[in-house]
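Have a look at the structure that comes next, please.
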Amino acid sequence: MDKLTGIEAFDEVKRLIVVAAHPDDLETICAGTVYRLARRGVNIFSANCTLGDIGTQEPDFTRPALASTRLAETEAAARILGIEQTYNLGHHDGELVANLELRAQIARLYRITAADTLWTFDPFWTGQIHPDHRAAGQAALDAFMPSKMPLYRPEQLNEPGACLGCLERIFFFSTDRQPDIYLDVTDVYETKLKASMAHRSQFPKGEESLEWMKGRDHKAGEKIGVTYAELFKRVGVW
Amino acid sequence: MDKLTGIEAFDEVKRLIVVAAHPDDLETICAGTVYRLARRGVNIFSANCTLGDIGTQEPDFTRPALASTRLAETEAAARILGIEQTYNLGHHDGELVANLELRAQIARLYRITAADTLWTFDPFWTGQIHPDHRAAGQAALDAFMPSKMPLYRPEQLNEPGACLGCLERIFFFSTDRQPDIYLDVTDVYETKLKASMAHRSQFPKGEESLEWMKGRDHKAGEKIGVTYAELFKRVGVW
Amino acid sequence: MDKLTGIEAFDEVKRLIVVAAHPDDLETICAGTVYRLARRGVNIFSANCTLGDIGTQEPDFTRPALASTRLAETEAAARILGIEQTYNLGHHDGELVANLELRAQIARLYRITAADTLWTFDPFWTGQIHPDHRAAGQAALDAFMPSKMPLYRPEQLNEPGACLGCLERIFFFSTDRQPDIYLDVTDVYETKLKASMAHRSQFPKGEESLEWMKGRDHKAGEKIGVTYAELFKRVGVW
Amino acid sequence: MDKLTGIEAFDEVKRLIVVAAHPDDLETICAGTVYRLARRGVNIFSANCTLGDIGTQEPDFTRPALASTRLAETEAAARILGIEQTYNLGHHDGELVANLELRAQIARLYRITAADTLWTFDPFWTGQIHPDHRAAGQAALDAFMPSKMPLYRPEQLNEPGACLGCLERIFFFSTDRQPDIYLDVTDVYETKLKASMAHRSQFPKGEESLEWMKGRDHKAGEKIGVTYAELFKRVGVW
Amino acid sequence: MDKLTGIEAFDEVKRLIVVAAHPDDLETICAGTVYRLARRGVNIFSANCTLGDIGTQEPDFTRPALASTRLAETEAAARILGIEQTYNLGHHDGELVANLELRAQIARLYRITAADTLWTFDPFWTGQIHPDHRAAGQAALDAFMPSKMPLYRPEQLNEPGACLGCLERIFFFSTDRQPDIYLDVTDVYETKLKASMAHRSQFPKGEESLEWMKGRDHKAGEKIGVTYAELFKRVGVW
Amino acid sequence: MDKLTGIEAFDEVKRLIVVAAHPDDLETICAGTVYRLARRGVNIFSANCTLGDIGTQEPDFTRPALASTRLAETEAAARILGIEQTYNLGHHDGELVANLELRAQIARLYRITAADTLWTFDPFWTGQIHPDHRAAGQAALDAFMPSKMPLYRPEQLNEPGACLGCLERIFFFSTDRQPDIYLDVTDVYETKLKASMAHRSQFPKGEESLEWMKGRDHKAGEKIGVTYAELFKRVGVW
């Protein structure tokens, strides 16, 4: 596996699945690259493991009401980014566990989407302090192997269009373990902002609530001499 | 424990907790008696173990949206009946399990409400085909003993107003194991209907959707020569 | 629901699922009636929850080898009885638990077989000393309700031919709680014996190993004045 | 199995195991009969599933200190009754669950004690309001079948003196489901009281704290015209 | 976050919680710095996740007796060090699991202590061979995020003095992943020894049993040219 | 612990246990060194945590039949390599979890084999994409500490020949975290191939199916100037 450091790392991607933990993770972390690929015609599938149902400091939300709101926000953002289909695996925010049930849910998505490429959280980044992020990345990684085996949860293969897991590439985001790919997202940044702001429950003041994102992406951009960048680390698979 | 067969069975009740499985269980099963007690000044607490979040045949609902709707319906019904406080324990409909977590959640309610009386599903009725009903009743019964012990989940006793479990009486509903108490609810039946109809997601055609309830309560009424009755079975406690 | 006491109880059955615990349960308990229905053209599905993989006193078997043997014996018996399809849910013998996973596995079978009728162990028979039998019956009963709801495990509904659970009738076997149906199986008893003997690992001496079965069925037969009978108890559903 | 109604029901017992939930259960429920059998030379094994570690209203006990105290009290009582060996399975009081782990722990005891007879709580008594009692009885009953199978937890069979489960008789106590055996324990009642009072943490006022026990045993005695009796229900096994 | 390498790293600490696995972890690892902070007036809370109840080679201890002994030793050490309050979460030694229950227990402590600073085991140190240490550190880290959210286990917020999690700083101990803070504890080492020796069940020969600790702390001291040092690694939080 | 970089690292090994995940892991990863030690007279114990029961793309295998086949293949390979005893812990392939049950199973093996040395998967290698490998290594590492304590699962110590865990050395394989030991296995490579090919279900084309193994071992060999090598990383224990 040669090291590819730019968009060419994704040249062969035709069907991409992004496994995140919360509604708004995809948008604020890698929406720029998602959008670039979507425009190129890549089929993009988004899976959030949790409902994001503790994600508020507002006293008026019940958990189901917040979850319901965030499902709608996810759909709105998906339309902006050209995501083909979104999935929510229904777990509770702040309590995601990388257990066999979650593994099977994600393996099912690999099979019914026939994704060739996975993006997910780096479960091995020791600076990752959100347990849901680690759990999502771990389960997504651990679903890779069994998804390829016909005797693993064979009923999943009965669903329309399902096939054996056929992921060929895995990339981690949210990592500082030597990310090897930096993507210039400057010219699609307006769309990234728009998709992120679709999560109104999270960013009530719009762009003002997203200064942290711009700062982080700007810092990444500096590494490759552009205004905004997103970064990835490729995982060796066999 | 003498057998009491009418409203005198509840003469000493001052604080009543009703542990049910789904929003609308309390209303359709025992709202008449609840309302009679509420009018008399009894403090009434209602606990639903599940969100009722599979309770629809309509394709447009997501589970969180349905849950959110039903929480609101529960509040509306509670206002009609004079229920002081409602609790929802947040479990998924169709998947309630009488495990130690649920037991602890219910024991906490016994302690923070200082209820003296419990009504819940008969977990031993062999004709009970809804697993959530059995689980709710079982957990409610099993929470009784430990709720009285100071070394059981002692942090619960720190909450404002909490005390050691002080339930003195337990009654089962939804039973055909020789119910010993039949309550005439004829004159409050309009209120029972109104409270039940507050669950619009369940009874979209209003009273027409509740013919089964009226039929069942009428059949119970025949046993004591009234139009509508609700029935209970007393549990011996020590 | 009128009480039906003979074969007319099964007159409307078109698709029958039998949920048992071990390979050979169906055969030794109700194979006579199964065969009568199969001959009439009823589609019959057999589900064993466990692999039966501790079912031997022979020291040479490993658990997987015994399981593999018993899967083959199950197929052989199914061919004798005219069973359309067998399922094995893969759990370990002696350790079946009526948990949510088993419930979901069984609900899936109700949906993909479109069975209208269920036969299973009576989970409430207090004389039932085999925990796997109780667990199988409990899980089968508890799967009934959620199988009918579209928001319960919706991915199951994607499988070819799957539909919402449409069970209309549930009958328990292995019960002494007033079984209400006695079926004369005298004229198909040879087939019952043959199907049972297909489980060679269990009945190494053939018919001689099955005297207990004949004795039990003979005793049931005496109740209705025939040589051999099988018995069932109908469950009220709503 | 003929119905035996007195001490002759235990004539063939050589090795008895009593599976209870808490320290003091055996003593207050069936110590009279235990002592009669012990005097006759029966080897008696006592197993308590929980540590009894919430069993106090005294604020000064920590849970481990209470557990430690009760283990010592159990030994003292065992010496009074002639119990050969006591086991404590280490679970927490008020939270006993009849899961596979508990089943395996109890099956191990059947195997290493080579007990031929089991006494335990009736798990099917619907008036049993202590969840630990139900769990202990359920797990003890459910351990019976697998304990007889060589492929079930085979490492247990390596322990010195261990053999395949060889229980031949099971009796329930704490039941009102037609107990069929009443044992006169009048002449050993002093010993029962002494053994019970060995649980000082539970009965700080000695015999005065045990009036309820005397009342219950007296009521049972009235059935057979003696001062004090203990009662059992035999379970059919195969 | 500037790198601070000495005691100034703790200048702003007002309320410190130390989450360890076993009684004696805090004492032998960081008691010197704890004592320095306690003397300065910092409120210090100590939480041990396990009872330490397998921590002996002496055959005479039962697990509850050992647990009880170690709770007392913990109190004695706390008094020496000026720790305000100790908590023991009651898990079994050698079997601590970083599950959601433990996470919730620790989040509760963050909330009821209003701690601003956490010290715990580095869960990512690949040389950590004690699974309890890893589990304690992981759960303590993972409790940080949800403790800040009002919809996470909201009942915890009802306890007197409880507030939303307000940890601002996290430090790992027991790490060799580039610890950045070395604290000179030479002048308080007598107190560290005294607190450690309060755990008599662990160090029966007193200071002689603690040579390993002195060796380790001496080696750390050499890095900054003092006799004894303790070391920490700061975690970036957001 | 001085760094040893060749076979002298294993000079003191007398009883070696290898904990792997699947049948064929030991053979394809470290069979060369295993065989070298076996020839020297080391007692070698092999433990596979899973049955390898999804390890096929052939549609004709059931899971139990595949498991049974692979148990036999494991025995055949063991005979080739001179392994004294093989253990299979019975878990399902693709679903191994490093939970307390697995930890206890492995601790038991440490105790009944009296192994002084452990080889297992590096659970901390971030390039390890097979979740079963990580789980096996993690559980094997985590079993080390408790296996040494008499109060941990004391019934294990009753088995014939069992003693307290006495592992003195732990080595990881399948790692790229600076492996410090490279073993020349060139002259035993035929045996490694033969043992690997004993797993016919996995390598149906014999040596041709093992080119990847030869490539990997050749690459390792280049580091120390030999044709084939195997590599290990030593873990510091205390």
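In order of appearance the chains are A, B, C, D, E and F, and numbering begins at 1 in each one.
We adopt the following convention: a contact is a pair of C-beta atoms (placed from the backbone, for glycine too) under 8 Å apart; a residue touches a chain by one contact, two chains touch by 3 or more.
Quantities reported herein were computed from a predicted structural model and do not represent experimental measurements.
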Chains touching both chain B and chain D: C, E
Shared chain contacts [chain B and chain F, defined touch]: A, C, D, E
Rigid-body rotation angle, chain B and chain A, from Cα fit (steps of 5°): 180
Of C-F and C-D, pair with higher C-beta contact tally: C-D
Intercentroid distance (Cα basis), chain E paired with chain B, Å: 45
Centroid spacing, where centroids are CA-atom means, of chain A and chain E in whole angstrom: 35
Per-residue multi-chain contacts in chain B, two or more chains: 53, 63
Touch-based graph of the chains, sorted into line, ring, star, complete or other: other
Every chain pair in contact, whichever chains are involved: A-B, A-C, A-E, A-F, B-C, B-D, B-E, C-D, C-F, D-E, D-F, E-F
Residue ranges of chain F touching chain E (in the complex, touch as defined): 99-100, 103, 124, 141-142, 144-146, 149-152, 170, 177, 235-238
Chain C to chain A touching residues, read off their complex: 108, 155-156, 158-160
Chain D-facing residues of chain E, complex: 51, 53, 62-65, 67-68, 71, 90
Touch list for chain F against partner chain A, complex: 53-57, 59, 61, 63, 66, 93-95, 97, 126-127, 129-132
